[in-house]
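Each chain gets a letter, A, B, C, D, E and F, in the order it is written, and its residues are counted from 1.
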């Protein structure tokens, strides 16, 4: 039930093919998942998405597993079924244990409840939580 | 602009007062933020929320800072302004650096984009991402 | 912080004025809240919204207070601050007690949590919950 | 997996049948899609939805293809799979090219990212973006 | 398409089994739906969710059918397909008529539209809708 | 009420300053709005966001005003107040008339309602709306 046909390797444009080659090289696997096969209809969007993803998900100040769990949390909040499946799989591949998965779900659930309570109550932001007053210029 | 009056300490019921006492003891500060002052109108809901929060956010398989960042990510996806402010402050109090904050925002942004792309394309879940077939009983 | 100027009575077009007259007559008060003053820039949209609202919120199979609470629940889930304030006020005007308000928040919070858990787990719909198989034609 | 049985033509009430007749006449096709067959359980809601849709989606200050793309963008942001499929099909039927589809997705993705960044940062609205100060009356 | 295997009765831990026994006893049926079978991987989360659900959905200031309809409204706003199916079924089991279902959908639809209009217009909250000014302490 | 201090020109790093210079050059105005001043804490994220925005919002298969209206529609669906204000202003600067604004709001409102109806009814996607069956490889 996609809105575009998922492209097989033989259906790729040269530009899309080059991105697929890089995905395979970076991930060390021949498998390219459906998301990229759908995006491949627009090689420019495919490339921009993949290039940005490599930068954002690379190890840095946060470790890759933490990044995957944050990615998953956003996907759950947005109700994106595909994303939830792919990033749960990715988090497991990066070492997420069942205990960590359970705690992650508990935190996401807790945040969802208190987000709703806060909205319903219209709670004003405490002055203590605000960053410094904006500077005068602007 | 709250939908209920935020309760001052002198306006609390005995049951709400007891919860505030525990909040202060657990957090080691006299300061009780507006969320709890709004919830205090319903002492049973106040207690249930606080008791659950203590369990969920306690150190476990995930460390408390990771939990705060996940909480923040969900709050951003839900657009809860108060929650974003309070959990950004909490994450900083637990050691989140500016570099980590920046990467966290980048991951949340990346997930938001690909969530939207996946939805727009109606990408079907790869069989590779599915857990085992549900068992026969049920 | 509106994206349009809120119109005062003296700034209304004749068509918008007629809708305001009806709002005042139906509600039995001179007060017309900001939502209508913002919509008044587009008299056709103003009229369509008001006419539909009268039909939808009228007493019927569901009583008006239940409708207000459902309206409020949707507004909380969507994080619409103005809507939350206006429909909390409307629900109170229709008799919502503080105890009912507290239970309403608890249900909204519970639903928010389990919605998140269900999404995170990708739970497939039980056959028991599905309506009859769609008929052959179509 | 619907929560109501989709009604076949032979199962329609007289009132629902009349709406279906109008849908067929306006669209110039015998095909009536599942949305209307689900709504047909409540002929009053069916009629109100169809009558409003005709007005809103008619050519006006915005051309019909632009309206379809806006409709699709909202459906993506809300994660409504059915709506995404039906309005992607409708946009194509109204002339959306593959290049336009790709740019549409890129804009939706960009907006999703910056919406998230703005929320995470709690950016205050620039005075330059505000409409005139609300008038004194009110 | 779940992210975890749904557990059969024979696969439950002792702690999960005890929760299932309580679900069966409270609901008066042997049937335990998929949500609980997915949550059963984390017995602590399973128990916490079930215990809270019993409290929140019990008869109180709001009757159980009203609570189910509110639960359903939130699930629709969040686009949680499973939740919509399970709580539509639950509402019907508690007596929701087809006419009530139709009105519920109409209210949810109305709220969705006006939530969007209010957001697009950036309507400021009327002073009349605000609760008392927060007390000085804090 | 930002979670970071908005940076004045004198507080920018050299890298952020270079991005601000480009924003000013491309837009032909000295004014740099708050979003960029908040992002400026993370020059890499600032640059990536600005560079991508230039590409995505440039004239192409869709004209810039249509892109702004789509951006606004997504921002409304996501309830991002700042984004709604900035993109309403941008759309007006690109020629959006009051009549177009009104129709845009009507389409967004209509989509919001039918998205909710579709979700509540769990309407299955018509076969007619699906793209070709995915190719065999994959």
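What we mean here is this: contacts are C-beta pairs under 8 Å (C-beta built on N, C-alpha and C of every residue); 3 or more make two chains touch, one makes a residue touch a chain.
From a predicted model like this one, the values you see are computed outputs, not experimental measurements.
Asker: Among D-E, B-C or B-E, find the interface that matches A-F: by residue number, over half of the contact pairs should be common to both.
Answerer: The A-F interface is reproduced by B-E.
Asker: Looking at C-D and A-B, which pair shares more C-beta contacts?
Answerer: Counting C-beta pairs in contact, A-B comes out ahead.
Asker: Taking the mean of the C-alpha atoms as each chain's centre, how many Å separate chain A from chain E?
Answerer: That pair's centroid distance is 26 Å.
Asker: Rounded to the nearest whole Å, what is the centre-to-centre distance of chain C and chain E, using the mean of the C-alpha atoms as each centre?
Answerer: 19
Asker: Let me have the rounded angstrom distance from the C-alpha centre of chain E over to the C-alpha centre of chain F, please.
Answerer: 32
Asker: For chain A, what residues touch not just one other chain but two or more?
Answerer: 1-4, 6, 34, 45, 48-49, 52, 55, 74, 76-81, 84-85, 88, 102, 104-106, 108-110, 112-117, 119-122, 124-125, 129-130, 134, 138 - these are the residues of chain A that touch more than one other chain.
Asker: In their shared complex, at which residues does chain D touch chain F?
Answerer: Touching chain F from chain D are residues 1-4, 6, 31, 33-35, 38-39, 45, 49, 52-53, 56-57, 60-62, 66-67, 69-71, 73-78, 80-83, 85-89, 97, 99-100, 102-104, 106-115, 117-126, 128-130.
Asker: Please name which positions on chain D make contact with chain B in the complex.
Answerer: 72, 76-77, 79, 81, 84-85, 88, 104-105, 108-110, 112-117, 119-122
Asker: Sort out for me which residues of chain C touch chain B in the complex.
Answerer: Interface residues on the chain C side: 79, 81, 84-85, 88-89, 98, 101-102, 105-106, 109, 116, 124.
Asker: Under the touch definition given earlier, write down the residues of chain B that touch chain C in their complex.
Answerer: By the definition above, chain B touches chain C via 1, 3, 41-42, 44-45, 48-49, 74, 78-80, 134.
Asker: Which residues, counting only chain E, touch chain B once they are in their complex?
Answerer: Chain E residues touching chain B: 1-11, 34, 37, 48, 52, 55, 125, 129-138.
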